[in-house]
Amino acid sequence: MTEAASRLPVSRLGGPEVRAISRIDIGLRRRYAAERRFRAYGLAAVTIALCFLLALFGSIVGKGYTAFQQTRIAMMVDFDASIIAPDGDRSPAAVLSGNAFRFDDLIAASLQKTLELDPDDEDGLYDGLDLLSKGSAPMLRSMIAKDPSLIGTKRSVDFYATGDVDSFVKGTIRADIPESQRLIKDKHIALIDKLEKDGALHLAFNTGLFTNGASTRPEMAGVGVALVGSLYMMLVVLVLSLPLGVAGSIYLEEFAPKNRWTDLIEVNINNLAAVPSIVYGLLGLAVFINFAHLPRSASLVGGLVLTLTTLPTIIIATRAALKAVPPSIREAGLGVGASKMQTVFHHVLPLAMPGVLTGTIIGLAHALGETAPLLMIGMKAFIVEYPTTPLDPATALPTQIYMWATEPERAFTERTSAAIIVLLAFLLAMNSLAIILRRAFERRW
Amino acid sequence: AEQIHIAGSSTVLPYATIVAEAFAEANPNFKAPIVEGGGTGAGLKEFCKGVGDDTIDIADASRPIKAEELDACKAAGVTEVQEIRIGYDGIVFASDIKGPDFAYEPADWFNAIGAQVLKDGQLVDNPNAKWSDVKAGFPDWDIAAYIPGEKHGTREVFELNVLLAGCKATKAYDAFIASGLAKADAEKACAKVRKDGKAVDIDGEYNETLARIDSNKTGIGVFGLAFYENNKDKLKVATMSGISPSVETIAKGEYPVSRPLFFYVKKAHLGVVPGLKDYVEFFLADQMIGPRSPSVAKGLVPAPKSEREQVLADFQAGKTL
Amino acid sequence: MSAVQAVTPFETIRTPDAASRPVKIHTVAVKVTYGQKEALHGVSIDIPEKAVTAFIGPSGCGKSTFLRCINRMNDTIAGARVEGTIKLDDQNIYDPDLDVVELRARVGMVFQKPNPFPKSIFDNVAYGPRIHGLARSKADLEEIVVTSLQKASLFNEVKDRLNEPGTGLSGGQQQRLCIARAIAVSPEVILMDEPCSALDPIATAKVEELIDELRANFTIVIVTHSMQQAARVSQRTAFFHLGHLIEEGPTDHVFTNPLEQRTQDYITGRFG
Amino acid sequence: MGPLWLLALIAGLSFFGFVLGHWKSVVLSGKGRDALAARPGYYGAYVLIWTAIPALLILVVLSVARPFLVEHTVRVNLPEQVLANPTQLSLEISGVRQVATGLKLATHEELEDIRIGVVAARSVFARHGLPLGEDVKPYQLIAASALNVVSDGLNTAVDIAVVAALAFGLIFAFVRVKPRLRARNLVESTILAILIGASSVAILTTVGIVLSLLFQALQFFSVVSPINFYFGTVWDPRFAAAGSTESGQFGFLPLFWGTIYISFFAMLVAVPIGLFSAVYMAEYATSKVRSIAKPLIEILAGVPTIVYGFFALTTVGPLIRDFIALPLGLGTSGNNVLTAGLVMGIMIIPYVSSLSDDIITAVPRSLRDGSLALGATRSETMRQVILPAALPGVVGAVLLAVSRAIGETMIVVLAAGVAARASLNPFEEMTTITVKIVNQLTGDLEFTSPQTLVAFALGITLFVITLGLNVLALTIVRKYREQYE
Amino acid sequence: MSAVQAVTPFETIRTPDAASRPVKIHTVAVKVTYGQKEALHGVSIDIPEKAVTAFIGPSGCGKSTFLRCINRMNDTIAGARVEGTIKLDDQNIYDPDLDVVELRARVGMVFQKPNPFPKSIFDNVAYGPRIHGLARSKADLEEIVVTSLQKASLFNEVKDRLNEPGTGLSGGQQQRLCIARAIAVSPEVILMDEPCSALDPIATAKVEELIDELRANFTIVIVTHSMQQAARVSQRTAFFHLGHLIEEGPTDHVFTNPLEQRTQDYITGRFG
C-alpha cells in the first residue's frame, strides 16, 4: 500500500546492486593523493609555524645571550674612614647624606692604584674613570650604607665597566675601524688591554639585569621593576579575566535566552577583540584614572586595562568550547535531576576546559606583550624603584623592551634582546601551568 | 603625589631620565621621579588635565607649547605654567658607513624630496629618481630618504630649516609666489614632501631608521645627533652647507638644523610635590646640562651659559607663561 | 538465579494485574511542535501510580517526544514547543513556578541513546546521589552505587573497573549504566526509553525483573518496541501512531482485545 | 581596622557562616521531620552569601563615598580665599592630606610644639621622613586635624557598619535555614546574578569604548566634514606650521584599504597554516608531537610585536624585495604590504591553530567513526564532517585572528611603513587605521588639533566596520552551522 | 506487501539455507586488548560469502569489538590493540600495505549507536556515494539516496524533510538512516551492529527483508540480541561469550542442536 513498499521490487532491479557486481572504481588513487596532500599540508603548516618560531628565537637569543654576562673591573678599595665618615658618624643615614663626591675620591684613589698612575696624571685618571660606570659612586655609597662595617677595611670591589667598554669587550663595538668613527678611543683600548692583562677586567654573570630597575646607564639597567610590574599585572589579569570571562561566557552560552539581544551581545564581544588596544588604554585612562582616581603608572591599572583587552579572547574561546560540548552530556546531567547550574559546572565546563585554557594562554600571552594601552596610562616610564604593591608606579616588560629598543647605546641593543628572552621565559613559565592543566582536561569521547 | 611625575616628548626623555636618576642618587630622601615618554602632545594633554594629586607635574616638550594648548590648560585650571628651556637638539643626515661622503645643501634635499621642484624654470612634480639626478657628483643611488614622520616635532624643524631653505635657494619659492600663491601657502608648498615612496616617513624612533638603512644600504636617514654619536661605526654623517654637525657647531649656531627643547612645570605643584622645585633647579645645574654633563654626552646640545642662567633665574622668580 | 531461569525469552505474557490505581501523571491535549513540525497532536493520558505503563508504536510516532515532556527534557531542545497540561500529583509541571530541577529529581529518565558522562563508572552512578545528598558517608555512597549497578545487573561485569571511564563500555553495558544512574537517585517516576534495546535476553530479563520490583514503590513508564516485553512487564499499555495516542488501557486488554483496528494490526505485525 | 583586615574578617565570618549553615541543616535533617530541600552545602553557601554580600556591598559603598566625605571635611575647614579658587582645590586637598599624614607621624610633644608654633611643622615632618614642598600654613593644620578626626571616625563607622552587616546577615540567614528552605535555588540565583554581572562587564566595556571615542570624534567632525573624511582619498594631515589653523586632508579610504589589504595577507598566511596545523595536530600527529607542538606554536602569540617588527624590517622585507619585488619590477621598497601581512600572519597563527584544535578535538568520535566506516579518507572526514561540525569554533578563532591583525600596529609600522596610500600592488608601502590611531595619539602634535582628534574618529569608524564584519560572520555561522547530536 | 505480511514478529524461524559457500572473511586467533583489558581472547571464524552470519551473545561479550576488527574501526580507538589474522578474500586486512579506506569502502558498517552526521538527511545518505564518486550525475545521486532510504524503509517518513538535519530524527529513524547510509555505497560486506534495536516490529521486518534481499549479492554480518531475528535472517550463527567464540555453525544447527551447553543455555535464556 505504501509507496515505499510498492517501489521496493523495482529498485531491486537497478540501484546499487548492479554497480556492485563489477566493482566500480572509487577513485582511490586520486583520493589518496588528496589525502597525502592534505596531510603534507598539515605537516608543512606545523613545520612552517615551528620554523618561524625557531627563526625568531634564533635571532633573539643570538642577539641577546651576551647580555647575560657583563664586564666588571675589580679594584682594591680602601674604605677610608676619614673620607667616608669624616665626623665619625658611621650610621647608614650619615653615609647617605653629606658630600656625595667623597665616594668619587675613593674610586679615584683605587683607580690610581690599580692602573699604577702617577698621582698628578689627571688625564690618565679621567681616561681611567671613563671606563667605569657613572653609577659606581652611588653603588659604592649604597654598599657602605648597607654594611657600615666595611668602613676602615680594604676590600676588592667589582665595579661595572661602562656599556661601551662592555660592548667592546664582547666585540659588538669593533676595533678595526678608524678611531674617528669608533665609539671607543685608542687610549681606552690600551687601558682595557692593560686591565685585562692584570686580570682586573673580567666577565661575570649579569645579576643586575634581573634585579635592577631602570637606568640610563646600560651597565646598571635591569628589568627588575618591569618584571615585578608585569607579574602584578598578570596576576590581576588572571584573577579577573579568567573568572569574568568564563562566568560571562557561561551565562551567554548556557543561560541567556537566545534572542536578538544575545546576538547583539555576542557580536559585540567578538567586536571588542578587534578594538585596537590603545583604545583600551584611552578607556582605562578615562575610567580608572580620571574617574576612579586610581594612581597613574600603577600596575593595578595596567592589569585592569589588560583584563579588558584579554576578556574578549577568553570569552570567544570559552564560548566556542562550550558550544562544542555535545548536548547529550547536558541531557544526561539534567536527566538525573541536576540543576542547569550543576550540569554546567560539573559536566559541561570541565569538558570545555581545554578551550578555556587555550583562550587563557593566548589571551595572557597577548596581554603580556602589550604596550600600546600601557602607554596611555603611564606605564611606559622610567622607574627606578621597585613597586611594593600593585598601586605603586611600575613599568612592564614589553614597555621596558620598547624603551630599551629606542636607546641609542650599543649596549642596550643586546639588553633589549635579553629582556625579550626574559619576557619569553616569563611567558613560558606562565603558560606551562595552563598547558599542564589543559592536558589534564583533554579527553576524547 | 609622593613623587615627581613627568611625561612627554621622547626626545627629551633621555635627558629627563638622566637627570631623574642623578637626582634620586643625590637626594636619597626623595623618591625617584617617574619619567614617561609618549610624545609632546600626549604629555601636554596629561599636563593640562588639571592640577592635583593624580596629574603629572612636568611635561617634556620638543616644541614650545601652542596657544590652544595653553588655553586648554588654563581652562582646566592649570593657570600657571613655567617654561624651562634646557638646550637644543641637533638633527643630522647620515647614510651607511660604507657609502660615499655626502655634502648637502638644503637645496639638494629640496630637489630630492620636495613634491614640486623647479626644472628648467618650470614647477613640475619632482622628476628626480636618483641622487645623481639631484646634483652631479652624488652617487647613482635611488633616492630613499627616511625622514621623521609628520607627527614628530623634528619634522617641523626639517621642513623649516632644510626644505624651506632649499626651496628659497632654488628659487622654487619665488616660482610658487609667481604662480599666485600667498606667502603662507607658498611656504606650505615648499614643505610638501613627495608621496611616491622615495621619501619615507618614520613614525618610530631612530633605531627604526637605522634598521631601514641596514636593510637598504643606499638609504639616507635623518637622525638625532645623539643617536648618530652612538652609532658612528655604522653611520656616516653628511655635512650641511659645509658644516659637519657636532655639539660645538650646533651650540655655536653654525650647523643650521637644530631645535630647542623644553619642559613645562606646574607652578601650583611646586609647593606640594616633594622635591619638585629641587628637581627643576637640579636639572638646570651645570652638572646636568652644562657642556661637560652626561646629558651632553648623550647628545643634548647645551645652551650657552648665559641662557641657562637666565632660565634658572626666570624659574626662581616664578615667571609663568 | 532461580528468578532468571523462570523467565525465558520465548515464553509469553506474565499476566500483569489490572487493578485500578490512583493517577500519578495526568496529561491533557499535549501537543509538541519542533520548529514547524507538529510531532504530537494532542495526547491525553493518565498514568497510574506504582504501575508500569508501556508506550508502544512505530518508530517516529512520538513516544520519546511524549516521554521527554513528562520531565520537561524538551525544554533543552531549541525550537521545541509544548502545549497542553501535564500534571504530576495534581501539580502542573509546566507551571512557571515549578522547580524543574526538583521535577527532574522526582522524574528520572533513561534516554534512548545511552549517554554516560565521560567520567568513571563509579562517578557516573554516584553523581545523582551526590548532588541530591542521598548518601551520608562514603560507605553509604559506595553502597548506593554498588546496589544500583547490581540492580541494573552490570555490577559483575564492571566491578574490577569502577574507575575506568563509562564511555569505554560496550553498548549494552552503557545502557545498563544509564539505568543504574537513573535508579541510583530513586526517583518517584522513572521514564525509560527503550531501556533494553541493546541488551541480550538475559540482561533484558534481569532489567524486566528490576522494573517489576521497582513498581512496588515507583511509577514507571517504559517505551518498548517489543510487544512481548510490553506484555510481560506493563500493567497498562498505550499505543501511539503518527503523533496520536490511539488507544490506552490495561495491557491484557490492549493485547488481547484492542478497541482499534490499528492497534490490532500493529500488535500482530500486520501494519500498513 | 584597615580594609584588608575587614576583608579578612568578612572572609572568616563567611566561612564560619558556611559551616554554621551546613551544620544546622545537617542537624535539622538528622531530626528527620522533613527531608532537606537541598544539600547541606547549599545551606552553608546560603548563609555564606548572606554574610558576605551585604557586608561587601557596604564596604564598597562606604569606600566609594569616603573620598567625598573626606573632601567635604577639608573643604569646610579651608578659608574663603582658598575656596575661591576651585581649580586649586584638589591640590590643596592633597596638601592637607600630606599634612594629615605628617600629624599622625609626629609624636605628642612635637604636636604640642607645632600647635604653639615653636617649631615648623615642615621640619618635624621631614624628621619623620615626610618631605613637604613648602611650609605648612596654619589653616592647613586645622583642616588636617579635622581630616584626621573625620577619617578616624569614618574608619570606626565603616568597621561598625561592616560588622553589623556581617552579624545581621549571618544571624538572619542562619535563622532562616529550615529543611523547607530551597537553598539551592537561592544560591543558584545568586550565582546566576554573578554570571550576568560578569557578562555585563563586556557590555559596559563597549559602552565605555564608544563613549570614550564618541565625543572627541564628534569634535573632530565639527572641524572636518564627515564626507571629506569618509570619501577622501588623500591622507595628509599636514603638520600645521606654527600658528596656522590649516588642518590638512583626512582621507579615510587609503587607510581603510591598507587595513583590508594587510589583514587579507595576514589571513592568507594565518588561516591556512593555522587550520592545517590544527587539523594535523588533532588528526594526524601523535599525542606526544601534539603536546609539544601546540604550546610551542602558542609562543608565537606571545612574542612581543616589536620583535616581529624588526624581524620583518631586517629579514623578511629585504628578502621579499630582493627576490620577488625587484625581479618582477613591482617595487623597490623593503617595506610593503606583503611583508606586513606575512609577519602578522605568523603572529596570529596560534589564534587559529590552537583554538581550532580544541574545537576539532571536541567533536564526538562517533561522527568520525561514522565517516571512516563509509570508506572516507581521514582528510575527507575532516573536511566534510568534522570541520563543518566545528564551524562555529573555527570561525570564532579566525575572527579573533582577524581582530588581532586589525588591532596590530608595531608590525605594520616596521614592515609596511606609515605611508597612507591605496594601491593594488602589494609591494608598496601602505598603512592601517590602527597605526594612524596610535600615531596621532602619541606624537608631538598639539592635542587639541584635528590631527590628534582624528584618532577618535578613526577609532569609532573602525569599531563600526568590525561590527559589520562580525555580524556577517555570525550570519554565516548561523547558516552553515551543523549542530551535532 | 506480501512479504511484509508474511513475517509476523511472533512467528518463528524462517528456515535459513545451509548451503556451503566460499569463505569471504577468514579470521584466526583474533585477540583484542583495550589498554590492559583483553576483550577478545582469540577468535577464529570463517564467514561465508553471500550469506548472513549472526553474532549472538550476552552484552559485553565482544561482539561489537570483533565486528569493528573486520573493517579496522578499532584503529580509531586509542589504546586498542588487535592481534591475529583477518583475511578478506585471502588478503590480510591488517597488512600494513593494505588500503584501509578501500577496505572500509568494501566493508560497510552500521554502528550500535546511531551516529548520523549533523547534515541534512539527504547529505547523510549522499555522503558515501559522493566521496566514492558513485553517482555520475545529480539525478543519479538522488536516485541512490532515494533507493537507499526506501530500502531502509525510512523514505516515507522523511520524504518531505530531506533537507532537515539527520540529528533531528527519532531514535529509530536515525538507526534506519544509518542503515541507508551504509548501503548507499553498496559495500561487499555489511557489518550491522544491532541494526534493529530501536525499531518497531514492522520496521524490523522490513530491515530483515532488506537483509535477506541483500545477501544475494553481499556478505552480511549482523549482531543481534534477538534469537528470533538471528533465526529468521541468518544462515550461520556464532555465539560469543566473555570474549570467546563458543560455537559457530549453520543457524538451524546452532539453534536446534547446539554443541555446547553454554549455547543451549543462552538460547533458551537459561543462562548463568
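The chains carry the letters A, B, C, D and E, assigned in the order they are written, with residues numbered from 1 in each.
Following the convention adopted for this analysis, a contact is a pair of C-beta atoms (placed from the backbone, for glycine too) under 8 Å apart; a residue touches a chain by one contact, two chains touch by 3 or more.
For each chain, UniProt lists the protein as follows: A = Phosphate transport system permease protein PstA; C, E = Phosphate ABC transporter ATP-binding protein; D = Phosphate transport system permease protein.
All figures in this text were calculated on a predicted structure; none of them were measured in a lab.
Considering the contact criterion stated above, the chains in touch with chain A and with chain D alike are B, C, E.
Centrality by C-alpha centroid: the chain sitting nearest the overall protein C-alpha mean is D. A count of contacting C-beta pairs for A-C and for C-D identifies A-C as the more extensively joined pair. Computed from the mean C-alpha positions, the centre of chain D lies at a distance of 56 Å from the centre of chain E. Computed from the mean C-alpha positions, the centre of chain A lies at a distance of 31 Å from the centre of chain B.
Here the CA centre of chain C is 27 Å from the CA centre of chain E.
With centres taken as mean Cα positions, chain E sits 83 Å from chain B. Across the assembly, chain B contributes 38, 42, 53, 204 as residues in contact with two or more other chains.
Looking at chain D, one finds that residues 184, 365, 375, 377, 380, 441-442, 483-485 touch two or more other chains. Within chain A, residues 1-2, 5, 26, 31-32, 35, 293, 327-328, 339, 351, 375-376, 405, 444-445 each touch two or more of the remaining chains. Looking at which chains touch one another, you get A-B, A-C, A-D, A-E, B-D, C-D, C-E, D-E. By the touch criterion given at the top, residues 67, 184, 188, 191-192, 194-203, 205-206, 208-209, 212-213, 272-277, 279-281, 283-285, 291, 293-308, 311, 315, 346, 349-351, 353-355, 357-359, 361-365, 375, 377-380, 382-383, 390, 392-393, 396-397, 399-400, 402-404, 406-407, 409-410, 433-434, 437-438, 441-442, 459, 462-463, 466-467, 469-471, 473-474, 483-485 of chain D touch chain A in their complex. Note for the complex: chain A touches chain C at residues 1-2, 5, 258, 327-340, 342, 346-347, 351, 443, 445.
Of all residues in chain C, those touching chain A in their complex are 71, 73, 76, 78, 101-102, 104-106, 108-111, 113, 115-118, 127-128, 131-132, 165, 167, 178, 181-182, 184-185, 187, 272.
Interface of chain E with chain C (complex): residues 1, 4-5, 7-10, 34, 37, 56-60, 64-65, 112-114, 157, 161, 168-173, 175-176, 193-194, 197-205, 225-227, 266, 268-272. By the touch criterion given at the top, residues 99, 101-102, 131-133 of chain C touch chain D in their complex.
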